[in-house]
Each structure stands twice: as C-alpha cells, then as structure tokens.
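Right, one structure below, let's go through it.
First chain written, first letter: the chains are A, B, C, D and E, and each begins at residue 1.
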C-alpha cells in the first residue's frame, strides 16, 4: 500500500499548491474541495474513520459551499503588489517544513493515553473510544468546542452577512431533493445512534444533517423567512445550553463537573449528543445562509 | 489485488486534477471536482473491501449523499447578485 | 480463496475501475464541456455501480449491500442533477434550445 | 519507508506551503484557504504521530483532538469568510 | 456547587440568554458580571487562606482527563478579569454602544463580552494544553466580534486581520501541542518540565510560545494589534487591551513557572522581544497623532515589559520576578481599561481624539482626564500605584542578580512611557490661561465613574499590594 500512500500524498500536496496558487478563484476553491476529499482518504489510511467521517461531512457539504459563496461575492483576485519576499519566504518555509517533518518523524509518543483509554473504556458508558474521549473523558473540550460554534454564530449574526437568496433551479432538482434530504436525515440518525459503538457521533450527524438542509436551501425548497432564521438561531444556541445544564446537573448529582452518574453514562451521552446534533445542524446552516443585513438608509 | 484496484481508483481520482487546474471554464473545474468525488467514493468502497472495515461504507455514503451540495451551490450562486 | 463470488467480485471491480479510469482520461482528452459532461454522467455511474456490485459480491453480507446500493443511487442522482444544472447554466436559453 | 513517514512528510509539506502563502499573500480568501491548509497539515502530523504501525490502531485521544480542531476550524472559517465578504461589501458603498 | 464550575459555566449560560433575548441582554449581562465578580472574590479568599486547589473534571484524572488548577496566580487573574469586566459593564450599561454596526443590535456587546468572560475564566483555570487551545479559539472569536462591533470599514479590516492573525497564532500553538503529544505522549500542563528536557520538546515549547506571542501581540508579531485596538469602540478596546491580551501572557507565565524557564534560548528570545516591544511601542506612542493609537501602542510597550519580566524569570518558585510579572499584568489591566474608558469619554466630549487638539479653551478638564492621569501614573510606575510595586519587584529581582543591562532597559522603558503619557496628561490637565473663564465642565457620565473606579483600583492595589502578593504565595503546590 506504500504506492497508494505516496500517490495520495502527492495528490494532497498538488491540491494544496493549486488551491493556494491558482489565480482563478473557482480553480482555487475546487482544488481545496478535492483536497478535502483526498485528506479524508488519508484519514482512512491513518485508521481514523471518525475523523474521515467528519471531514467527509464538512468538506463535501459545508466548506465547499462556504468557499464558493465567498469566491462568488469577493470578485476576482487582485494582482499581488510585490514578489520580492516570495523567494526568501519560500526558502524559510521549506526549511521549517523539513525541520518539522524531521522532528515529528523522529519523535514517537510513549504509550500513555492508549492504556488509560483501554482501562477506562468500560466505565465510560460507550464502546467507541473516540466518543468516550469526546463526551466523557474530555467532555469539557467538546463543550468549549460547541461554545466556539455559538460564538461564530454570534459574530455572523453581528455582521449580518448578506442573506443568501437562492435562485430557482427548476424542476430537475425536485427528485434530487426528495431523495437526498430524507436520506441525509436517516444517515444522520444512523451516525448519531451508532456513534456510541462505532465511528460516528454528534458532529458527524449534525454536519450530514446540515448538508441535507443546505441541499434543500440551495434547491429553493426550504423556507428562509425571518421567523425560520430566528428559530434556527434558538436551535443553534440550544445545544450549548443543554450541554451546560447537563454539566451543572451532573455536578449536582455526582459532585464533579461533567461526571455522569454511574451506569447512566450512556443515557447522558446519547441525550447530549442528540441535542448537539440538531444544534450543530442549525448552526452550520445559519453560518452558510447568513442573517439579514439591515439597510442603513 | 484489491489493494491494487484501490490504487488504480485513486489514480483515476487524481486524473481529474489536470482538468480542474486547466479549466478553462469554471464549470469544467466544478465538474472535475464532482468526478474526483465519485472516484473518492469508489476508492473508499475498495479500501473498505480490502480491509473489511464497514465504517468506510459510512464515509463513502456521506460523500455520496453530500456530493451534490457544492455543485448545487456553484449553480445556485452563479446567477447575478440581484 | 478463489471461490466464484470472489472471482466475480474482483472482475466486476476491475471493470468498474476501468470505467472510472476511462472516464478520467476522457474527461481530460475531450474537447468541449458538454461532451465532458456526457462522459461524467455515463462512465461515472457505470463505473461506480460495477465497483459497488463487485464489493457487494466480495463481502456478501446484507448489512453492506444497503450502504453500497445507496452510494450508487445517490452518486447517480447527484451526477445527473449537477450535470444537468451545469449544462443548463452554460447554455443560453436555459438549455431548452 | 513506512506509510506513517509518508504522512509526516506530507503534513509538514502542507504546513510549509501554508506558511509560505500566509507570509506572502494579502488576499483575504487566499489567506483563509492557507489557514485551512495549515490546520489540515497539523491534523495530519498529529494523526500520523498517534498511529501505531505495529497494531494499525490510531490513538483515540489525538483523533478526538483532530475532530475538535475540525469543528473549531469550520466555525472560525465561517466567521472569517463572513468578515471578508462584509469587508468587500463595505468597499462598494 | 463549586465556584470554579460556576465561574466557567455561568458566563456562558448568560451569553446564551443574552443572545436569545436581546431585550434582557443588558440586565443579564450586568447580573452575570456582578455574580462573576462575587464568585471570583470568594474563590480568591478561599485560595488565599487554604492554598491551591486542583480538580479533575468528570472525575477523570490527568493526563486522560482535563484538570482545573485554581491557584493564587489563577485567582489573581480571575479577580483582575472580574474587576475590569465590572468597570466596562458599568460603562456599557450606562451608555449602550452606538449602533454603528448597522445591524440594529445595540445589545450585541453583551453575549460577546459574556463569552469572552467565560473563555477567560476557563483559560485561567485550565491545566491542559489542548484545552487551552480551545479556550483561545473562543476568546479570539469573541474578541473579534467585539472589535467589529463599531462596524466601520477600518474596524472590519482590523477585525479580519485580528482574526486571521489570531487563528495563525492558535494554529502555531496547536502545532506545538501536537508536537508535545508526539514527544511526550500527553498534553496536560505537568508535561512541560518533561518537554524542556528533550530537543523535540523544546521545539514544541518554542512553537507554543510563538503562538502565544502572536496572540499577545509581542513585538515583532504585534502587527495586527494597534489597528484592532484603536479602531474598536473604546469599551471593546478596554476589554481587548486590558484582558484578552493578558490571556496569552498568562499562559506564557504559567508555562515559564511550570518549567519552560529551563529553556535558556526561549527565555532570552522572550526577554529580547520584550525589550524590543518596549522601545518600538514607546517610539510609536511618542509619534502617534491620535489618542487611541497612542494608548494602543502603549499596550505594545507594556506587553513588552511584562514579556521581559517573564523571560527573566528564573523558574525558581520563590523568585520575585514572576511575581513582578503577575503584578504588572494586574496593574496594566486596571490602568489600561481605565485609560481606554477615559479616552472614550474624552473623545465623546471633544468630538475627536487628536492629541494636538486636546487642550480646548472652552472645556475644563473633567473626571475622565483625571482618571487618565491616575492610570498614567500607574502605567509609568510611580508610587503608590500597583504599577510601582510591580516595577519595584522587577528591578529588585534584577539588581539581586546583577543584571544591570536589563535594569537599564527597564528604566529606559519607564522614562519613555513617562514621555509619551506626558504628551496627553500635560495637555489635558493644563489649566490657567488656557481655559477661558466661562468654560463648561463636561457632564458626568457612567463612563467617568467606571474609568475613575478602575484607576482608583490601580492606585489602591499599590497601597494594598500585600493582598495580591499573599495570594500569589498560594501558587502551585
């Protein structure tokens, strides 16, 4: 498989270079989208299917759409001012890259986490170790990560970025939307449910759900009224609220922040994940569609 | 054997890159990305079959389900702003 | 071992991957956008279907057939939809001329 | 040569390309793309470090780090793109 | 329920409430900021009496789980954040930010500030490198929201540069954390001494410090900061300059105390960069033509002074220099917040913030000018302010070690800060012939009270500097 890895690595680097050097905006964005595809393959090769799922859900759905939106709104690339720095910067950067490759390749981490995770997994309430880390051992990280999403939503709301006005794409999109939207809902439910025992989980499920919703929005089949946006905003905020209440509630019960009661861990984790899935889907959709920009005059 | 076929599928995926870079039209580039998406799904299925990991089917499924989102975004956002 | 399903599966996969490769090469060689689109929607769908069918033969479990079938279905639909929309967006008069 | 080494080198390559573009480019969208490439590079070296070639298993803790990093990055990218678009819009006025 | 849990969760809950119900945002924000101050003080008192506390979240001990380390240093920072937050909240509650964002959201300040508060509290308590990265991201995003609040094109441009620089900084930090994992196999704070012992570990610490330097706007990585801090609304600038920058400095100080100080080269680079920042910031502050720009550049210089102190920390637990750094952080936070609020008021009264036009005949100096003067005294380091105690401790420690060149540098920085602050103070407080007989006095506003309160706190902490110093004794077990 070394040939596979080498070809994949070459493709990844090629995509990165194209994404960062093409003057045509669409070329740059398309190369970045393909980079996401190839990177997901490399996560599979690195035995990280959970990460590959997240990359697939985010890279195929939201990121590409977000960058295309920006490419459309930003207009063509302006000519660069000066190129004098380019060569020294390239030398410094390649030196840095070579050094980092050497340092990372020569370091091999002592096995500290693996035995700890293996020993604690039976008490975590779930059997997928990644979910156990994300929602039990290091649930505080995940709570703060959801807080980052919420703050991004607040910033987007503050900026009032131009609301997306989908154009009618005609009746050809109807069969597509009618099949893809329900399947993405089912898929999200499947990923959420199996997250406790196999690769999957709240973020992957939420991102898939958001992708399905985006397809509906783009096909002009989803309502985008002010009330809907307001509801989606509340849904986006609710995930962090549920997580925080669960954190404080678990402390009231067990005396430790995010320490779930014994033998009820799975119920807590699945409940939190279900709330997070909906909230993540709403947040990601809102980050793409944007909020109404109020006119000055 | 499956390893080799996965490798060929990866090469077929990467073969979309030249068209993506050269274009000439924006539509060409987006269609190239779309083709790379299909190639990735095939590669994932083959990797899953080669290693017997069923989780990869989910990854492939997610890619397949969301493959059209960026294409749709491209067409939907293409029309004039106002 | 070389049982019938495994030989069949590998053969189907090889054919599918061949289709994909042909699609990629055609995509690179063909002169204009519309013919490239044509290649994409046809060879692509055929290639992926064959690959999925072959993989289903190899694994043979019902649990894997459902996701594989869905993969094919979804890719075919998205390919057709996006192909149609892109074609319509580049041809004047909404592609109905 | 092992596949881990390939991904270590590829990850470091991504870091180098991204840092180079960050240092030399002023365009907003390009900078945002470079930051995303930088994050992918970090994720790659992190996962390659967590990968144990003997067992073929990747440590779940770095996997969780990368997952958290992906979510955080999507959030910040969306905010950056919104800012860049708003910036472009305000120059039109 | 534990104070630490409430300190990290209440601001976030309040932020959600304020975002969901904009009408209740102001009252929610004020109550939450008050409650936060109460909690911080209670925690500080308990730590001052009972010593440092550690907590394993969810009952999962480090390195697998995430720990909270509530010690004297963290408690001091929590109280500092709470005090500055109170001052700024009083100002914003009294005079909501102008709706320059054109988004119709006069209350957008509150959820952003509360998220900032929650992230700062989480950051001060965290004892895990990766967790620190996540808190930095919340902090960075919320701070960018605060910058963009004023909605002008300059502010948006500054916000973009701020966010992209901040993201680059946190990604450098994350790269360092990744390398720390690759080297030591774990990322809790207790790993730092182990990192200092190997080549790879030192590179990891270097990357982490580089990321922190970007976030703290340490020279020469400060390029984004003057624009961001001078184009934001004064209330937002007060928070950014007094608090958000401190988050990165705090982590640098914490890592130095934990054992990063064992890395000679890193410390030297930090100290030299700090000295460079002092001179560069002072030079630009001397040449600035606008008041806010002067204050923003003075932040570059002051951050440099603190970085210099951190760089000269010997790592010994009983050393005086890191205490000096902590005190300088505290005094800078109070004084700089007071200064930005005062600048906001002065600008409001004058209608501009050009330094050359500060002495106007028809306007008498008011409370804001007075607050600015007190804050300036603390920043320069004149007795009896907290800034004086901090600088005295720093010089004392340096003289003990015979580090005369550094002493000279610190004194030079002090003289320069006196010079650039005098440009403002001399113009503001000049009375006599310059003021016409019938000159009006500026009206009294909530902002005056906030600025005066914070400046007085900086003064009072100098007189009662035994309090923070005793608290710092409870640092690290």
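Simple rule for what comes next: contacts are C-beta pairs under 8 Å (C-beta built on N, C-alpha and C of every residue); 3 or more make two chains touch, one makes a residue touch a chain.
By chain, with names taken from UniProt: D = NADH-ubiquinone oxidoreductase subunit 4L; E = Oxidoreductase.
Every value quoted in this text rests on a predicted model; they were computed, and no experiment measured them.
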Intersection of the contact lists for subunit B and subunit E (Oxidoreductase): A
Taking each chain's C-alpha mean as its centre, the one farthest from subunit C: E
Label of the chain whose CA centroid is most distant from the centroid of subunit A: E
Chain pair showing more contacts of the two, A-C and B-C: B-C
Separation of subunit D from subunit E (Oxidoreductase), taking each centre as the mean of its C-alpha atoms, in whole Å: 29
CA centroid of subunit B to CA centroid of subunit C, Å: 11
Inter-centroid spacing, subunit B versus subunit A (mean Cα positions, whole Å): 18
Where subunit E (Oxidoreductase) touches two or more other chains at once, by residue number: 64, 130, 134, 137, 141, 144, 148, 175, 178-179, 181-182
Subunit A, residues touching no fewer than two other chains: 1, 45, 62, 69, 73, 100, 104, 107-109, 111, 113, 117, 138, 141, 145, 148, 151-152, 155, 159-160, 169, 173, 176, 180, 183
For subunit B, residues that touch 2 or more chains besides their own: 11, 13, 16, 30, 32, 37, 58, 61, 65, 67-68, 72, 74-75, 78
Chains grouped in pairs wherever the two touch, ordered by label: A-B, A-C, A-D, A-E, B-C, D-E
In the complex, subunit D residues that touch subunit A: 1-21, 23-30, 32-34, 36-37, 40, 43-45, 47-52, 56-64, 66-68, 70-72, 74-79, 81-86, 88-89
Residues of subunit C defined as touching subunit B within the complex: 10, 13-14, 16-17, 20-21, 23-25, 27-28, 33, 36-37, 40, 44, 47-48, 51-52, 55, 58-59, 63-64, 67-68, 70-71, 74-75, 77-79, 81-83, 85-86, 89-90
Subunit C-facing residues of subunit A, complex: 169-170, 172-173, 175-176, 179-180, 183
Residue numbers on subunit E (Oxidoreductase) that touch subunit D, as the complex places them: 64, 130, 134, 137, 140-141, 144, 148, 153, 156-157, 159-160, 163-164, 167-168, 171, 174-175, 177-179, 181-182
Footprint of subunit A on subunit E (Oxidoreductase) - complex, ascending: 1-2, 4-5, 9, 12-13, 15-16, 19-20, 55-60, 63-66, 101-105, 108, 111-112, 115, 118-119, 122, 130-131, 134-135, 137-138, 141-142, 144-145, 148-149, 175, 178-179, 181-186, 199-200, 203
